[in-house]
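The structures come next, written out as structure tokens.
Note that chain A is present in both complexes that follow, paired respectively with chain B and with chain C.
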Partner chain A sequence: MIRTPLRPLARILPARDKGENTTAIERENLRLRHEEMQDQSRQRAESRLLVLGLCFVMAYGVVAARMGLMAVSEPHEPVAAASSSVIAAQRADIVDRNGNLLATNFETHSLYAQPPHMIDPIRAARELADIFPDLEYDKLLRDFTGKRKFLWIKRTLSPEQKQAVFDIGDPGLLFGPREMRLYPNGRLAAHVLGGASFGQEGVSAAEVIGVAGVERQFNGYLTDPDNAGRPLTLSLDLTIQAASEEVLAGGMRLLNAKGATSILMDAHTGEVISVVSLPDFDPNDRPRDLVEGDASDSPLFNRALQGVYELGSTFKIFASAQALELGLVHPDTIVDANGPMRVGGHLIGEFRNKNYGELSVSDVIVRSSNRGTGRLALEIGVTRQKAFLEALGFFDPLPLEVAEARMSHPLLPKRWTDLSTVTISYGHGISTTPMHLAAGYAAIANGGHYVSPTILKQDGPQYGPRVMSERTAAQSRAMLRRVVSDPKGTASFGEVEGYAVAGKTGSADKPKRTGGYYEDKVIATFATLFPVHDPKYVLVVTMDEPSDNSGEKPRRTAGWTAVPVAAEMIRRIAPLLGLRPQVEPAELAGISLIAN
Partner chain B sequence: MKPLIYMLTALAVIGLAFWAYRENYATQQALSETRELRRDIARLQTRLGVLRAEWAYLNRPERLRELADLNFETLGLLPLRPDQFGRVDQVAYPPLRRVTITDPVDVSTMEAAEE
Partner chain C sequence: MTEMVYGAVPEHAGEPILPKWWRTVDKWSISCVLILFGIGLLLGFAASPPLAERNGFGPFHYVQRQAFFGGVALVAMIITSMMSPVLVRRLAVIGFLVAFVGIALLPVFGTDFGKGAVRWYSLGFASLQPSEFLKPGFIVVAAWMLAASHQIGGPPGTAWSFGLCILIAGMLAFQPDFGQASLILFAWGVMYFVAGAPLTLIMAIAGAVIAAGTVAYSHSEHFARRIDGFLNPEVDPTTQIGYATDAIREGGLFGVGVGEGQVKWSLPDAHTDFIIAVAAEEYGLILVLVIVTLYSGIVARSMLRLMRERDVFTRLAGTGLACMFGVQALINMGVAVRLLPAKGMTLPFVSYGGSSLIAAGIGIGMLLAFTRVRPQGEIADILRGRH
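Up next, the complex of A and B:
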């Protein structure tokens, strides 16, 4: 570039000649030069701004384009990330305490139809009706030839059925994969497992949801992908559950009972080892709920958890235990069981209007005297009795983790009068489930701690708050032992050699729906703990309307019905529990503190 | 000096491009292998689930009880009874094997003493 000089001679010289001021020329040129420089630098700045702007536009454009691409792309799992999680089934398995499978999933197919794609709807309908006897030809034909574009035909198919449908060869019949819940043991522990059915259904998948039992209670746990591959471990023992069901079913048949239930519970951990309720059902093919009539007539009714019954004399031990605990009596204190006894205007009678006269507290339990326990209860009083029974969990629904347990509200008297205190002391006027009773007996068995029953496997004892002293529990156990071992005891059929059974019978007349009690219908209960010198298990057997017709007159008391069944059950399951028969340690004679 | 640097740079770019190209294909290969393995695992797990279910079904107590009843003549299986518990000291030791002595001299130590 040629710079214009500030003082060009060509202009300076003529200007000098004319005598003009040459500085003006210099200034003029300097101004022009500055203007030029200004223009140049503005141009440069403008182009720089333009480039910078372009850069920004491009950068934002890239970001926007990436966002758009991400938004429209199909999501897919990162394949490259090495995940250790296995491809697990939709729903976790349920296993028993030894890992035996109780519920699992099964790959199967559902069948649906798209009538517009059908080639020969008539033939398809006819052949489908041949394969599935429960489908009607007319209805299928109507659906296939009507306006419908889509219909479900079967929720689940067996492989054979699938092949048979496949062989029809109609392109309008289609299969969708389904994961089905399978209970390989059939009826075993049906009430605990409950059952499952399909929730949201789509063509390519369906949600499996639990409808009852632990399936419903633990629906969240079982469907949580975090727990994939980790089964839900129950406290049940498959073998013992099967043996209990067999014995109880046999007993129910022999004694013409309408229903029966048994609960075997670990007295220290609260684990429910087996819980049977008969009649039962197959969870693979769960029957429908009854819409009318008595819910307890349905096989779905879980007598152990939903059956709220007056459990009769089995409650007597709680009255005597509390009297011992409060120091009101000793096991040998004589109690007046003479009649007549009037409380609140009502006569308190004995079984078959017997009169036991004067009995020791121990004998009150052995002979099962209503008046004896009633008099103990009057000494205890309303407030203390309520507090004790509440501590044993008789006032609240069961804490057991089975969906039905939430509905096990015990029935208590609205006004707890002296009469209520007396009747409740022998198990009338209070209705609880057999599981409540088992928890109460567990407290006596384990030395005085409340344990809350649980259906999940535990490690080690789970003692709750103390409800009675070790000494009271031991004295109560000795009384319960005498109920079985004493020839005069009400449960003398309950003796099982080597297992030192202790327990208490209870036979309560069934209440009529219209009020009052049936004469010839009882709930017979036997609550036991064994072996008495080192109690490990609590067993409660309850039979609904049993009747032993082998004698001249039908015998309905627990001593003739629930007790032999329970004894047989202990004989069967105690060896399976790993309990070795033992000689009961003899009572040490004659060492007692007479005076200090 | 400059041309050498240019040449080296160009060579490095070519080399890196080749490496990236190979890595890309190796990754895609690995990914497809992973996919295939996952599919295999899923298939095998389904199969395992079916086998486990079948095992549980075949071992259900009801069936075992029926089998025990059916084969009672050959097996004689009965439910476990309390009196079947034994103690270790009720089990006899296996009988000692007797060494048959044919020639009394064999066991004599007289020869050894003389020597």
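Up next, the complex of A and C:
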């Protein structure tokens, strides 16, 4: 390898010796070297440029080829084709515990208009007004001939209506696929199901959202595409729900009540088998919320979950149960129920100013003595009473999975004095929902465990923490049985042959909005459990302002109103629940065994 | 003697400018550019009436503007292409400095036209995007620096130009305009490659990019979703890409006919970023292939001519300009056919847009100036036994 020297010293040195300027020689050398380098770099760049150029040509070739492939592929219809498959079965069904359909989806169409595309807006408006009586011709015409480019006319159409609109034949009237929520059983279990309406609406689909009840509570579950094939299974039993509703509606009509509610609950699992609130509504055509007046007057009002009432003497059993549990008394311990009884400056009276004298604890319940339970409550004291009622769930909103249950805050006294303790022991001064009461009675029925009410089907007993002993629960049940079976008991109309009903009545005067109580308006409640020897179910029937006018004077107490309705209900539903009647063998009187 | 050594065509100092220009300039590339511009006007007639209607102008308002700006751009192109490389370099450096200051002042005086990125100066009658003018200027400056580093005793031009490149890319990314930033990086990379980047470095960078992409894909959910969505053959028909895809399919081989296309009514960017979709729908694959051929023709011709170029600066600057031009067209069309993720990039000379048109004219003018026939010592090569 020949190395070229960087500087041409062979020329520079002699030139320097001669005293010449060497710059020209250096420049010449530099120029030659640059030229050499340029040559080299051009050679290298030549190949690299070639590579670069080829890359570009190839890339352009790929773009052209891709374009060609796309150009020869078949164009497909945009948008509309895909949408109908997306909308189908977007919301899961709701079924009862036996798989009967409670809520499902129904494919229908919405109607909208694009006035710029209309051929004959006047005729379209006239014919639409003929088809839909609720549409006004003038308004339609104004919309169709004005500046609007788009408007909804109907959210959902029946097939007949759709055909009729189709027959108008105007290209400016268009249909959008819709899936609407359908409740095939109409009013049945309306308050539990709630209802659904359209959320965001588009031309090709609309979102269905639950607005109340389980539809709202489980909106996320129902709309989750993962659950599309899996319905939501409720604890309700459609047959029993229907029977309860029928009996309760009959009772309400006979007794001139303003409203009524009944709850049937499995005492071991907490499952709500039926829950009725009257008056009710059709969730397929959900009425609007009241904008003025009392919300409880609306048929949307769910008395079982939203109706916070003073439930009266039905609470007495909790006082006696706690007294038994604490060992303060036996069922036979004599309690002084003599008047006058004065607590915190207030007189404690009895129903119709009776005076029962001295009673056993058992009789306090049977005769429903306010003074008797008041004495027991004073023995128990404020702190222990509060703890017991809290353990029974009376202080918190219902844990039930229905949207309205979240608002069921019980009303409690601001200052819990001795007087509060006494009045609360017979169910005044504390307001809870009938569902709260059912959960409390379930603890007595199942042997002392709190169970939280649920609207979802359960697999087996769901016992919560123990609130009283097995023995206390059994003693309380025996007392409740006597309320029904004893001729002096307040619920003697509640006897249902073969089903050993036990329960407690409660008739509480309705509080006035302005303060104080009405004298002629009561909330009548009957809380029962049956069959008493092995209680499986708790039933609470509450009637709002009932009045039995068949006698000389109107009778409003629970014994005359809620109790017969509850008895009739048990008579109807107990066989449906699969309970066998316990028939005592009748005496073989009148049959002669003597052969003649 | 000199003429015998350096051969080629004898250059007389007195040769008239125009004949000399016509003799030395790349007539093929000029033809391609003129045809492209004509296609652009033709497509403008199809694509811009919906926009004009939306903005309340006459139907061919934007075509008229395009023709005006196109005329200015063509004049600028021809004037630029008549200059000598040294003059081009001097003017480009000045232009670069002005555009650089313009970009630097964008956050203060610029406007975003409600599009979320501050890229424009509003001049009242038109808007100006300085980054369009910065690109050719930057390429010339960077080429000058890279060439200087090839001189004996020259400055460390490679490092300087790289620093400048990073600075400008950062400023563009700050606007944010990642498309232009990546174009700047790409142009510098190409020039560095031609200037003689070591092969090991190129391999290492390629490896690093692949590794980083793999890591990002497997670790960043956002990135993975973008890529998956891009690779997914099902395209949402309501997106711009979806409309463009449908338009290309509708067009088929010969198009649906002049003025019959529908995509221009649904695509907001039909006259700029997705003009190729309009072309494909109305004139079919034929016109698209013509357009592709024109672009690749310009790039390939420039490369071929630059292969003979002896001067380092001229070669590098020409390469940078040609590649920038070519890759911009490539990205625009690649997006329309879903080979590349969506990126707002205009189709040079075809898309509507005043500053992009004039900047493209100046850029191509420079390229033409660099690719003019000059004595390159071919005889000396032949004498030395090379070709």
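Just so it is clear, the second predicted complex is superposed on the first by the 494 of 596 C-alpha atoms of A that agree within 3 Å, B and C clash if a C-alpha of one lies under 4 Å from a C-alpha of the other, contacts with A are read in each partner's own complex, and residues count from 1 in each chain.
Note that in this section contacts are C-beta pairs under 8 Å (C-beta built on N, C-alpha and C of every residue); 3 or more make two chains touch, one makes a residue touch a chain.
This structure is a prediction, so every number in the text was calculated from the model and none was measured.
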First, second, both or neither for A:E46, with chain B first and chain C second: second
First, second, both or neither for A:S73, with chain B first and chain C second: second
Touching partner for A:T223 - first (chain B), second (chain C), both, neither: neither
Which superposed partner A:H34 touches (first chain B, second chain C, both, neither): second
Contacts of A:S296 with chain B and chain C, given as first, second, both or neither: neither
First (chain B), second (chain C), both or neither touched by A:Q462: neither
Those residues of chain A which chain B touches in one complex and chain C touches in the other: 79
Residues on chain A engaged by chain C in the complex (per definition of touch): 30, 33-34, 37-39, 41-42, 44-46, 48-50, 52-53, 56-57, 59-64, 66-68, 70-76, 78-79
Chain A contact footprint on chain C (complex, rising order): 150-152, 190, 193-196, 237-238, 242, 245-246, 248-253, 280, 284-285, 288-289, 292, 295-296, 299-300, 303-304, 306-307, 309-312, 315, 319, 323, 326-327, 330, 333-334, 337-339
Chain A - residues contacting chain B, complex: 79-80, 86-89, 100-101, 104-107, 182, 184-188, 238-239, 242-243, 246, 496-499, 571-572, 574-576, 580-581
Interfacial residue positions of chain B with respect to chain A in the complex: 27, 30-31, 34-35, 38, 41-42, 45-46, 49-50, 52-57, 59-62, 65, 79-85
